[in-house]
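Letters A, B, C and D mark the chains in the order given here, with residues in each chain numbered from 1 onward.
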Amino acid sequence: MRLDAGCELEFEILEPTPMLLMLRPRSGEGQWVEAERYALQPRVPASEYADAWGNLCQRIVARPGRLHISTQVRVDTDDTIALAPGAPRTPVDQLPVEVIGFLLASRYAESDALADQARDVTAGATPGYDQVEAIRAWIHRSFEYRYGVSNESTSARDTIRMRKGVCRDFAHVGIALTRALGIPARYVAGYLHELEPMDLHAWFEAYVDGRWYTFDATQAGPRGGRVIIGYGRDALDVALATPFGDTKLDNMQAWVRAVPEAAG
Amino acid sequence: MRLDAGCELEFEILEPTPMLLMLRPRSGEGQWVEAERYALQPRVPASEYADAWGNLCQRIVARPGRLHISTQVRVDTDDTIALAPGAPRTPVDQLPVEVIGFLLASRYAESDALADQARDVTAGATPGYDQVEAIRAWIHRSFEYRYGVSNESTSARDTIRMRKGVCRDFAHVGIALTRALGIPARYVAGYLHELEPMDLHAWFEAYVDGRWYTFDATQAGPRGGRVIIGYGRDALDVALATPFGDTKLDNMQAWVRAVPEAAG
Amino acid sequence: MRLDAGCELEFEILEPTPMLLMLRPRSGEGQWVEAERYALQPRVPASEYADAWGNLCQRIVARPGRLHISTQVRVDTDDTIALAPGAPRTPVDQLPVEVIGFLLASRYAESDALADQARDVTAGATPGYDQVEAIRAWIHRSFEYRYGVSNESTSARDTIRMRKGVCRDFAHVGIALTRALGIPARYVAGYLHELEPMDLHAWFEAYVDGRWYTFDATQAGPRGGRVIIGYGRDALDVALATPFGDTKLDNMQAWVRAVPEAAG
Amino acid sequence: MRLDAGCELEFEILEPTPMLLMLRPRSGEGQWVEAERYALQPRVPASEYADAWGNLCQRIVARPGRLHISTQVRVDTDDTIALAPGAPRTPVDQLPVEVIGFLLASRYAESDALADQARDVTAGATPGYDQVEAIRAWIHRSFEYRYGVSNESTSARDTIRMRKGVCRDFAHVGIALTRALGIPARYVAGYLHELEPMDLHAWFEAYVDGRWYTFDATQAGPRGGRVIIGYGRDALDVALATPFGDTKLDNMQAWVRAVPEAAG
């Protein structure tokens, strides 16, 4: 499946403001970037680096006035996501080194405090994929998707108390409970085709039986058509824009469109 | 200054338990490992890797029964720590890439929620080193060092409310307030010569004027004689032992001794 | 200066052939990727990773038949390159860790065997930038730019013997002699605006006085307008296409154009 | 098998000389460092870093006069090496990213020029482990182990011409021919228990069927009891001592001893 996706951000900048951005999707397993565009208006010097998780990050100093950021990507991605009912948990001592960091608690995923909850939610499930799917289904079933109840400091525990939140919160709950079972989980920021309402999106992946699998507690069933912007331990590692100064985000819009068959 | 330092951990293991350990100090800037010993009793297969911050981590599967871990290191380290009154803040856009990750909030250091607090505490201080020293002095002056009031889930905000805690909590407050000013800060786990009472220790470093400086809010004044075990964003990244299973830590002891002049 | 650059490669593939490609320029210091396109015809599954030097590498299995690769990039880059006459050599013990690897001999740059040559060529020059410029000027003055005299196995020593070669060979000589003086040097593959005749290009960078400087022995004087595809110790690390099987490269074309002022 | 191993190096230093050292073995898969000692006499400031392959490297500035380096390690290592007759070649497109770099030619292993030779030597062998074993056996059978015929610039091609050399040369031939078959190979520097005559040693590993296997063309049959100091593409990446200045290596000695059963 080929998708065009992109987002527009409008900032009001009140003073010269250093900013970190994470808005350039990379090709990876299951995602191939065919074309890409990244525009800053006004044009300012920008540099780029890869963070500890391999995400491409951009660094600018925004000038006072309006800053318009527009990024766009054409990606070849999977129509469906892989499913693996019954796939076993990978024992901790056999996890690849680069996966181990996703096993521990993080800012928004207090897995250490959620062992009982995780056991309850997954009671009866085979250790591994089925446990994670039980977690995902439980969140989807028991939580209300609602804007405005959570904010930047809302963590998995907060969301479990409230039983409501947005994609970011659902992902944090999924991650925290999955890790509480000794299964690595990571946060994914990206786009989802035909998401309703359209917006930037977040979900999570769990590492079972030797590879990462996709889980999205906001959706009723498995769905492909995903464009990945970045990976991290939780939303902290994948902030799309981090200003260090007095700024105001006036507008943010995301979009995803299927590429017509005929397109080159 | 040459120091011998070490620690002993005794676990009761109830089932075969994968464990992650971070108990092997590395040579680095300002610390040279002359000799080192790492013993597991009973002996079990162990492997080692470097994590995202360069710390050496060990992986074992502990067998049911007693597990005794004993590590020891002889290090050549600085007698004093560098001070830099008046040293300016490094602008965010000039920070080295590997330092940027230490600028953002983390699990125990909710810097995003502490901007006002940080401004209050550092009112009147020159941006940079002097701000961090003001934070350090404020913690030392206003907080009570007390065991038993904090636990694994206590964060900088919790500690600021309570005004008491241990070295780990003091470090988290220092880190959170420092980052809230746009200054990178990292957590350091290690040993301190003549610490009273002797224990494993934690402090923090701040990046100003192009390098890292050491700050320790538990101490009245600057002190050298430090042996570093690991660096991280906060205590989460530098857990000395993480069991994945049913275990009990029965005993933990740390010690530091100056190496006699004559020693080879 | 904004440039559009790109290349076209046509392969004849005789059997299913794994290939490594390095054809996706990255934003970095002094180069900002505004837009980019990477097309494989026929479309085949492709994945991407960053190598030890941070270059983005692509991996495919080409199918028997024709394979057409077309990449294109719009870059904001410097009009001129930085010059630093008199800038001193950075002492080896003060080099950043990530630079040290560029100090040692490599496949095509046998610096260990060229100490005398390096001393001769730079006699009288101030240690540092001026030495490297003396090397660059000597190559430009003494070597003939000629196609067909060198091949994949030609090294700096070979080229010094022959006194002729292409951009790749000139860069290897520059790198080998620079390293022979204890100055780190790296190979750069990329595009140069208004290169005559137009082709993919290669030059080198040397690390003096705390940063990398650009040197191009194929040119009479300093020139900006460069688009960087990859960095490496020598050409071995920056091969644009490496097939593992029976293939034939039928055609390769590169182009660079200035972006009209009015373009968005 | 527990081994004590170590080496002594004596340099005569004529001027203040920056040096890179690689003399600190690390724990890894199949090797656990129980204790370790690293002494520089006279004591000079030293720092340490991990290179691109994960090896620990030390950096000093040696002072004029004598420099004595003495390192020692106690390691728990395998008694035997794994064998895998018939294990298949891992297709290039399925190699882990970190292995790919070991597939390409390098300074002393001109694999691109040795395809025919590799085919000849492995004629009739099953693609994978058996090919590498055929290469290893061919070297052992056809090459004479002799000191003094090779030097720092001797490459695999040179050694194939001469049919003689030392462990380093044998390893380079093995690596070059293995890579010429599209099988990743890496150079290992280390110690071998009961090596005759005792010295620092080198051998190679090949990546087949999803993991690295050990091959040593200097030995008649498979032998364990190995202590690994470092990995690299070839000897260039694993130089134990690299002085940048006027020095003389007066003496070098290596030793390996089995640890008595009773030792703690």
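In this section, a residue touches a chain if its C-beta (ideal position, glycine included) is under 8 Å from a C-beta of that chain, and two chains touch if they have at least 3 such contacts.
Remember, it's a predicted structure, so these values are computed and weren't measured experimentally.
**Student:** Please identify which chain has its centre, taken as the mean of its CA atoms, farthest from the centre of chain A.
**Tutor:** Looking at centroid distances, D is the chain farthest away.
**Student:** Would you kindly tell me how far, in whole Å, the mean C-alpha position of chain C lies from that of chain B?
**Tutor:** 42
**Student:** Please tell me the distance, in whole Å, between the geometric centres of chain A and chain C computed from their C-alpha atoms.
**Tutor:** Averaging C-alpha atoms per chain gives centres 36 Å apart.
**Student:** Which residue numbers or ranges of chain D touch two or more of the other chains?
**Tutor:** Only 49 qualify.
**Student:** Between which chains is there touch?
**Tutor:** Inter-chain contacts occur between A-B, A-C, B-D, C-D.
**Student:** Hey, which residues of chain D end up touching chain C in the complex?
**Tutor:** 18, 20, 49, 51-53, 57, 59-61, 91-93, 97, 100-101, 103-107, 110, 112-113, 152-153, 182, 236, 239, 242, 244
**Student:** Show me the residue ranges of chain B that touch chain D in the complex, using the header's touch definition.
**Tutor:** Chain B residues touching chain D: 24, 26-29, 32-39, 43, 45-50, 54, 56, 58, 76, 264.
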